[in-house]
Amino acid sequence: MKLDLLQKVRTDNPMILNIANSVTQSDVANGISAIGASPLMTNYDAELKTLAQMASGVCINIGTLDERQNELSKDLLKLALDFNKPVVLDPVGIGAVPERLAFVEDLFKVAKPTIIRGNAGEIASLVGVSWSAKGIDSIDEGQTKSVDEIAKACSKKFDCVTVVTGVTDTIATRDLISHTFNGNKIFTTRVGTGDMLSSIIAVFAAVSDGNYFEGAKMACLIFGLAGELVMTETPNIGPAAFSTRLLDQLYTINTEDIKRWGKYDE
Amino acid sequence: MKLDLLQKVRTDNPMILNIANSVTQSDVANGISAIGASPLMTNYDAELKTLAQMASGVCINIGTLDERQNELSKDLLKLALDFNKPVVLDPVGIGAVPERLAFVEDLFKVAKPTIIRGNAGEIASLVGVSWSAKGIDSIDEGQTKSVDEIAKACSKKFDCVTVVTGVTDTIATRDLISHTFNGNKIFTTRVGTGDMLSSIIAVFAAVSDGNYFEGAKMACLIFGLAGELVMTETPNIGPAAFSTRLLDQLYTINTEDIKRWGKYDE
Amino acid sequence: MKLDLLQKVRTDNPMILNIANSVTQSDVANGISAIGASPLMTNYDAELKTLAQMASGVCINIGTLDERQNELSKDLLKLALDFNKPVVLDPVGIGAVPERLAFVEDLFKVAKPTIIRGNAGEIASLVGVSWSAKGIDSIDEGQTKSVDEIAKACSKKFDCVTVVTGVTDTIATRDLISHTFNGNKIFTTRVGTGDMLSSIIAVFAAVSDGNYFEGAKMACLIFGLAGELVMTETPNIGPAAFSTRLLDQLYTINTEDIKRWGKYDE
């Protein structure tokens, strides 16, 4: 685990450009800021090229689509990759909503993202595996093995890093696989924690010197651990107080916390 | 009062589809989630039919209109009713802004919502009664009787359940009327609490087996009581801390709380 | 310093109309509400004229541009000035993004705003001075003198009040200059505090009887002091808890607090 990436985020202060889920964009922007990076959200095609060049990492979230934004997402994906910037895709809801899957398939005709992060149902739908999902929620799976297979299949199919989040987070390339185990079930009760993680993956990808697998691992570890630490300190809080404390934990979490409490394989 | 609807929300976890007020959509989504349902916000016509079919309830909020969203609202209203899903309309600002009232009149040419929730000024404007309102704010009326009449008139005119919120919440069909009395004046200082209630009415309507009057009553009772309990426990907090605690109270409130503290007639 | 403007805000409860940064609009709306005014956000051209007439002050924020909103901003600027309403412009990001500067130059062909608030890099770009800026962030400058010159130059060029915010806030007309010194560096870690201040400047401008210089001074003083008081009371909190407490401090701050703790020249 490349623990020094956390310090690198705080030193480099990378700018992360987002096409955001409009519902959760305030939490996402503040999550990016809390961990030590600079958020920028755009919906303006005139500035897309300038911002893609300025950015150190990009996150495209499809939580709230519309026709105009879909075109922007395609343009931004292409521009960012042309400038060698890592692009995280968060395919919100494609496991349950065929029209969202159709858009992602359209998007992939333009280019493939560097990293894809979703729950098991979303990633399964990308590789044509059926998976029982309810709405767009996460799945509490007991089937880690098949999640591993789906993650690897996705990475192979789209030549990307794949992150499948749930009770355990699974990070895969076509050849490598890794898991992070920190977290807490309260994450599922606060809207937009998945969106936050996707943008934080873009933060760590941005400082990873091209080692996006390691960047994604660190993002999952830190995000899950931050939430776990909050619930250890204040076990009886609800989702809204959790959200505030999670942001502030991201602001203060350090390498010592990870060394002491982090749970991950390899 | 059908107290068992609260448990039904938590067991069934209904998906509530929203055309949202963009300013308050994060609070609204988290309010839906806190009470035990699943929020989804959309602005994407391609997915509207799929989502209307998946949803258990719908809320259309006109707090931030634009031409494209207006067309979506019309389409969603029709689709949802065709699929027999209850639709709550929150006609934000129609008491003060004629162009918003004009849009609602347009919308009603397509179909009538199942439930309308507004403040006295908004509901009065729907039935052609003049009512002194300041901007889009709630009115502290001392005239319960005439609120009852306006609520009933609205229900009769549009064949819907009408909810008029204020110090007292009034829930009416053309024949029935009921009131809930819990609440606290701090609700008026936090932007979007009315929007939250409208979507929570959709939550309870979704599990009411078609008894939308009872669903709306339970939503008003629980929402007002949750806020009242917060202010009883922490009487000196401001609107922002209130917002966090309100969400977390919605997450934990239970039938015993309602039996003990709920104030309502019949 | 016209301390009585604070009481005037709470008595008059002015309605402030915003074309908002979509990322931060919830915080901005709640900031306007906390200080004692009424927020309204619009993106709907049909209601623009009605709302411009109803409003007591206007804030146009360019943090999240798109073509349609750009046209709305032009229309609203003209309408509001025609109705003699003060208009605050927050030119987010123009120091770093040429396409945003281009839009502002376009906007200024329609009319000049009453007040412009930005960081030193943003205001410098408006008067053609180069200024080292990183992204759209504030600059910790040690060069108060040249900030003064830039602020005055901006006021002269556009015949407006200029507010340059940073460690010290600088408020200038072409002839007058003033500074407020309260604040805390945590402001820079919470996304949208600048946006909040811009809309709160519109609040105080709205009750200033046309003395926009004095209105802007009071807004900067109160906003900076509110944050400083939060950090004096709870020095170890993070940016998210700060945001909640800042809003609640704006809700309770009073003239006595300003007399006791306010730091400003002349």
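Couple of notes before you dig in:
As written, the chains take the letters A, B and C, and residue 1 is the first residue of each chain.
Operating definition for what follows: a contact is a pair of C-beta atoms (placed from the backbone, for glycine too) under 8 Å apart; a residue touches a chain by one contact, two chains touch by 3 or more.
The UniProt protein names, listed by chain, are A, B, C = Hydroxyethylthiazole kinase.
These numbers were taken from a predicted model, which means no experiment stands behind them.
Under the touch definition stated at the top, subunit B and subunit C share these contacting partners: A.
Rotation angle, subunit A onto subunit B, C-alpha superposition: 120 degrees, expressed as a multiple of 5. Centroids of subunit A and subunit C (each the mean of its C-alpha atoms) stand 33 Å apart. Residue positions 22, 26, 243-244 of subunit C each touch two or more of the other chains.
For subunit C in complex with subunit B, the touching residues are 13, 15, 20, 22, 25-26, 29-30, 33-34, 38-47, 50-51, 54, 68, 243-249, 251-252. Those residues of subunit B lying in contact with subunit C across their complex are 22-24, 26-27, 64-67, 93, 96-100, 102-103, 134-137, 189-192, 237-241, 243-244.
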